[in-house]
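There are structures below to look over.
Okay, so chain A shows up in both of these, paired with chain B first and chain C after.
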Partner chain A sequence: MTGLLDNLLSGLALGSVYALVALGFVVIFKASGVLNFAHGSLLLLGGYLIAVLHDDLGFAGALALAVVVTAAVAGALDRFLLQRGEPDPHAAHVQTIVTIGLDIVLVTDLSRRIGGDLLSLGDPWGDSVHDLGPVTVADSRLAAIVVSAVVIGAVFALFRYTAWGLSLRAAAEDLEAASLMGVRLVRVRTLAWCLAGALAALAAVFLVAFPAPGLERTTGQIALKAFPAAILGGMTSPGGALAGSVLIGLTEAFVVGYQTELHVLGEGFGDVAPYAVMVLVLLVRPTGLFGARGAARV
Partner chain B sequence: MSEPTARTRALHWGRRVLPLLLLCVLPFYLDAFWLRIGLFSLAAAIGAVGLGLLTGTAGQLSLGHAFFLAVGAYGYVWLAGEPGPGLPPVLALVLAVLLAGAAGGLFSPVAGRVRGIYLGVATLALVFLGHHVLLTADSVTGGFNGRSVPPLPGFTDSDPQLVLLGVPFGAAERLWYLGLALFALTWFTACGLLRGRPGRALTALRDSETAASVMGVHVARYRSTAFVVSSMYAGLAGVLLALAFRRVVPDYFALALSVDYLAMIVIGGLGSVAGATAGAVFVTALPLLMTRYADQLPLVAAPGAADGVVGPTEAARYLYGAAIVLVLLYTPDGLRGLTRRLRTRRRLERPPATATSSREPTPAVRPKEHTP
Partner chain C sequence: MPASPPDEERAALHVEDLDVAYGRALSALRSVSLTVPHGGVVTLLGANGAGKTTLLRAVSGTLRLHRGAITGGRIRYGDTALDGRDPVAAVRAGVVQVPEGRRVFAGLTVDENLRSGGLGLGRRSPALVREGRERVFTLFPRLAERPHQAAGLLSGGEQQMLAIGRALMAAPRLLLLDEPSLGLAPRMVARIAEVVREINAQGTAVLLVEQNAGMALSLADHAYVLEVGEIRLSGPADELARTDAVRRLYLGEETGTDHPSDAGQGVA
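After this line comes the complex of A and B, so read on.
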């Protein structure tokens, strides 16, 4: 029983971190139609900045600066490299591949700087734990769940109640009509990228916090697991991304937790379980659980 | 259009045969290092042509190419080696290619229905799941340390001893000819596919799915077929790579390899066989050359130097990451588009009388004939 609760909690913590990353994918996809393959390197950039700065600025200051800088870098990448000329929905595929190129450059540079080291982010939770009834939980996991819930709630409120959120939803619905209604597509899109960058930097904190060993050069690859989460939910739906992330987090935690029973699948199956779940879902619903079934107009 | 004269016909064949002849005499002049680079490039080109068919022509983003390369490579090793059935290597080669095709076919329920970016991420799953299987299925794949590759008979250093025109023919020289033959096969089959009915159908599918299906193109079937054919090319490339490396390890067939192949076709220019080949040579040869000449390049440290400096492999990755971005931003048709643009500019500078050649590209759509 305690094993079940334990797995449930760690699954939720993992899922909430994936949700931060997956939400970034969805925001970018809604605003620009691009699947951002450079998201992992943005996450790595955020984590690296915190690791380098936290000695001088303290953890909170380093986190704030890293979030701002990562957001600015994401916005700048979009504004100066991807958005060139008129907004063109057909360019999205090309831009998706451009983000792969950007990812190669960024990851190469960051992993050259990090080298073989394990960097600590200096987060205040350390390795302390809490007793919650029958189970013991790491503080970092509780913090991950709470902070993610607050931030995700705030992002949903942004979508729902602000002018920017309305513009974003309008642009995602119909680019041309939104533009005719006076939506500044360029600004909406750049802000979406900034938001995604900020979310990625925040996610980095919880991805490398205890019980993970610390920031290493492969940390960015963990962000790739948020791909299945975003795709599962349907790339156009923030709520779907949330559901997909929790599903992926729980799957991973349970597969790891019951590894001895699942020995047939081989050691380390937890790392690839998210992808298996995604393929199964796509077989049944090719546009994800909550994705828009785009009707083709001629 | 004028009738092809004897001169243009000779030119037409000269352009095809001359490069092949040139490639055939290379082993007499180059040493093993260059031949190995050439062999890796040829293998990569075969795989890139396959991915080009899928992504460039059919417009389906695939990041799963590394998986099909792995199926080809490991399929050959298992079929021809011990433990395994121990089949004759040539038969194993053919079966490995078919096996890669079958793996693509198994994925077709997803490949036929899921499209665009969703397919890209779905194929990502193949790479991760495949890597996991390679690590865990010890009895077939040899686990983390991989397996050594049984050589094709006749393609080894000494059996039989071979000296042609005073040049000793070792494994590198012989494999070069094998790679060349397989590449020629790839080139002609792919060109044929692209020019014929399937190529037209796939292009139509890429440009508008609705329009293509109205014209009678079976959407799901063509999508799956493109996936299967592309996997078979990948399998062939995998076998050739395995023969060149002499050992297969799981970590080679990771996501980075898929991204490499995507980079090849993007840099070369989507939808063209020649472009895919050029891109494959660029992406494959660049890191090898930079490693070899690291000490003579500015800003690049020798391999194995301390952390934090720019080594040759890193410099190569910077360069080709930047190449992807720059090519896509400035010449969306890749190297192929660049050469075509230069050619038309040169043609425009010449007087128009010589510019009309018999090799005008045939229009994609024939002018409509009037029917009563």
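After this line comes the complex of A and C, so read on.
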């Protein structure tokens, strides 16, 4: 019973971190039709900035600056390297390929800086734990769940109630019709990239917090587990990304938690499980859990 | 029509000697000139591929989404030059297009579709949005009954109403309508015609692009006929409707004579 609750909580914590990343994927895909393969390296950038800044600025200051800088970098990448002026509805494929190149450049540079080190982000939770009834849970995981819930709620509110959110959803449905309504396509899209960058930087905090050892150069790759989460959810649906993330997080936690019982699947199946779940779900629902028919607008 | 002379000049669409090409080579419009006066209804007739939609795209600034460009001539609305500008400039100037095939945002609710119509105006006070919504709901009571329904679940006629209503949310002074009768039942076509008349009576000028020439000519003061990228005929709508060429080609009537050259009021 304790094992079950334990796994459930760590699954939720993992899932809520993945949700921050997956939401970024979805926002970018909705706004631009681009699968952002540079998302992991944006997350790494955010984490790296917090790691080098927190001594001077304190954790909160470092986090704030890292979020702003990562958002700006993401927005600039989109504006100056991908969009370059005119909105072009036919360019999404090419731009997706470009993000692969951007990812390589960013990861190479950050790896060079990080080297073989494990960097601490100086988060306030450290390795402290709380007893919640029968289970003991790391404070960092509770923080992950609470902060993600609040931030994701705020993003959903942005989508629903702001002019930007409405512009984004309208443009995702029909670029030309939105443009005829006077939606500023370039700006709306760039802001979407900024938001995704900010979410990635925030996710970095919880991805490398206890019980993870710290920021290393491969942290960006871990973030790619949010990718099946986004696809599971249908790629264009923020709610789907959330559901997909929780599903992936729980799957991973349970597979790792019951590793001995699942020994027949081999060691380290936890790393594979998200992709296995993605494939299984897509076999039954090819458009994802919440994907509309023809959701792929590229 | 409340039109003092200066206002009339400030709020008229002038297209002068417009040339448009797609992909730098394919010429879609050649030397097209057209005027929509303040508060008037003008119709643009022509077969498929004549360039009607291209003309609207040039005015609304969406040519670039189709890899088209204006290669000559001018477009201005009052004092505002619209050629080579983005769609935001057209919307800000008061020129709003209802695209062909309705193109409502299917996954958004009726109410969200209407809200999206006001996006181009920047920060509008909630009062203005409410006012616009009121106006649309008065015009289309059917929409008022289902504000939270997804637009994709509306019938074709209701979607056309929503598309027009969405454009009206931007408080246009000139409405560009691209084939509003396309694919609609005759009863709905009549309803759309009524709506166009009503919108015009409220002071909004209309440029109506249609293949349904009968409906268009009954609504319009002035008409142009576009053929393969050039204006072939133009004149007052009722006169044009009587010419043999238009009756034969666009109204599907049998005529005795066969001299399209002495038809309309000359090439514009």
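Keep this in mind: the second predicted complex is superposed on the first by the 293 of 298 C-alpha atoms of A that agree within 3 Å, B and C clash if a C-alpha of one lies under 4 Å from a C-alpha of the other, contacts with A are read in each partner's own complex, and residues count from 1 in each chain.
Going forward, a contact is a pair of C-beta atoms (placed from the backbone, for glycine too) under 8 Å apart; a residue touches a chain by one contact, two chains touch by 3 or more.
Here the structure is a predicted model, which is why all the values come from computation and not from measurement.
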Look at A:Ala178 in the shared chain and tell me whether it touches chain B only, chain C only, both, or neither; answer first, second, both or neither. second
Based on the superposed arrangement, let me know which partner A:Arg113 touches: chain B (first), chain C (second), both, or neither? first
Return the chain, chain B or chain C, that is in touch with more residues of chain A. B
Please work out whether A:Leu81 is in contact with chain B alone, chain C alone, both, or neither, and reply first, second, both or neither. first
Which of chain B and chain C A:Leu166 touches, first, second, both or neither: second
Between chain B and chain C, whom does A:Gly101 touch in the aligned arrangement: first, second, both, or neither? first
Chain A contact footprint on chain B (complex, rising order): 59, 61, 109-110, 113-118, 120-122, 124-125, 128-129, 131-133, 135-137, 209-211, 255, 259, 262-263, 266, 307-310, 314, 317-318, 320-325, 328-329, 332
Which chain A residues qualify as touching chain B in the complex? 29, 35, 81, 84, 93-94, 96-98, 100-105, 108-109, 112-113, 115-117, 221, 224, 227-228, 231, 235, 265-269, 271-272, 275-276, 278-279, 282-283, 286-288, 296, 298
List of chain C residues in touch with chain A within their complex: 60, 62, 64-65, 86-88, 90-92, 96-99, 103-108, 112, 115-117, 119-121, 123, 166-167, 170
Could you please specify the touching residues of chain A with respect to chain C in the complex? 86-89, 163, 166-167, 169-170, 173-184, 292
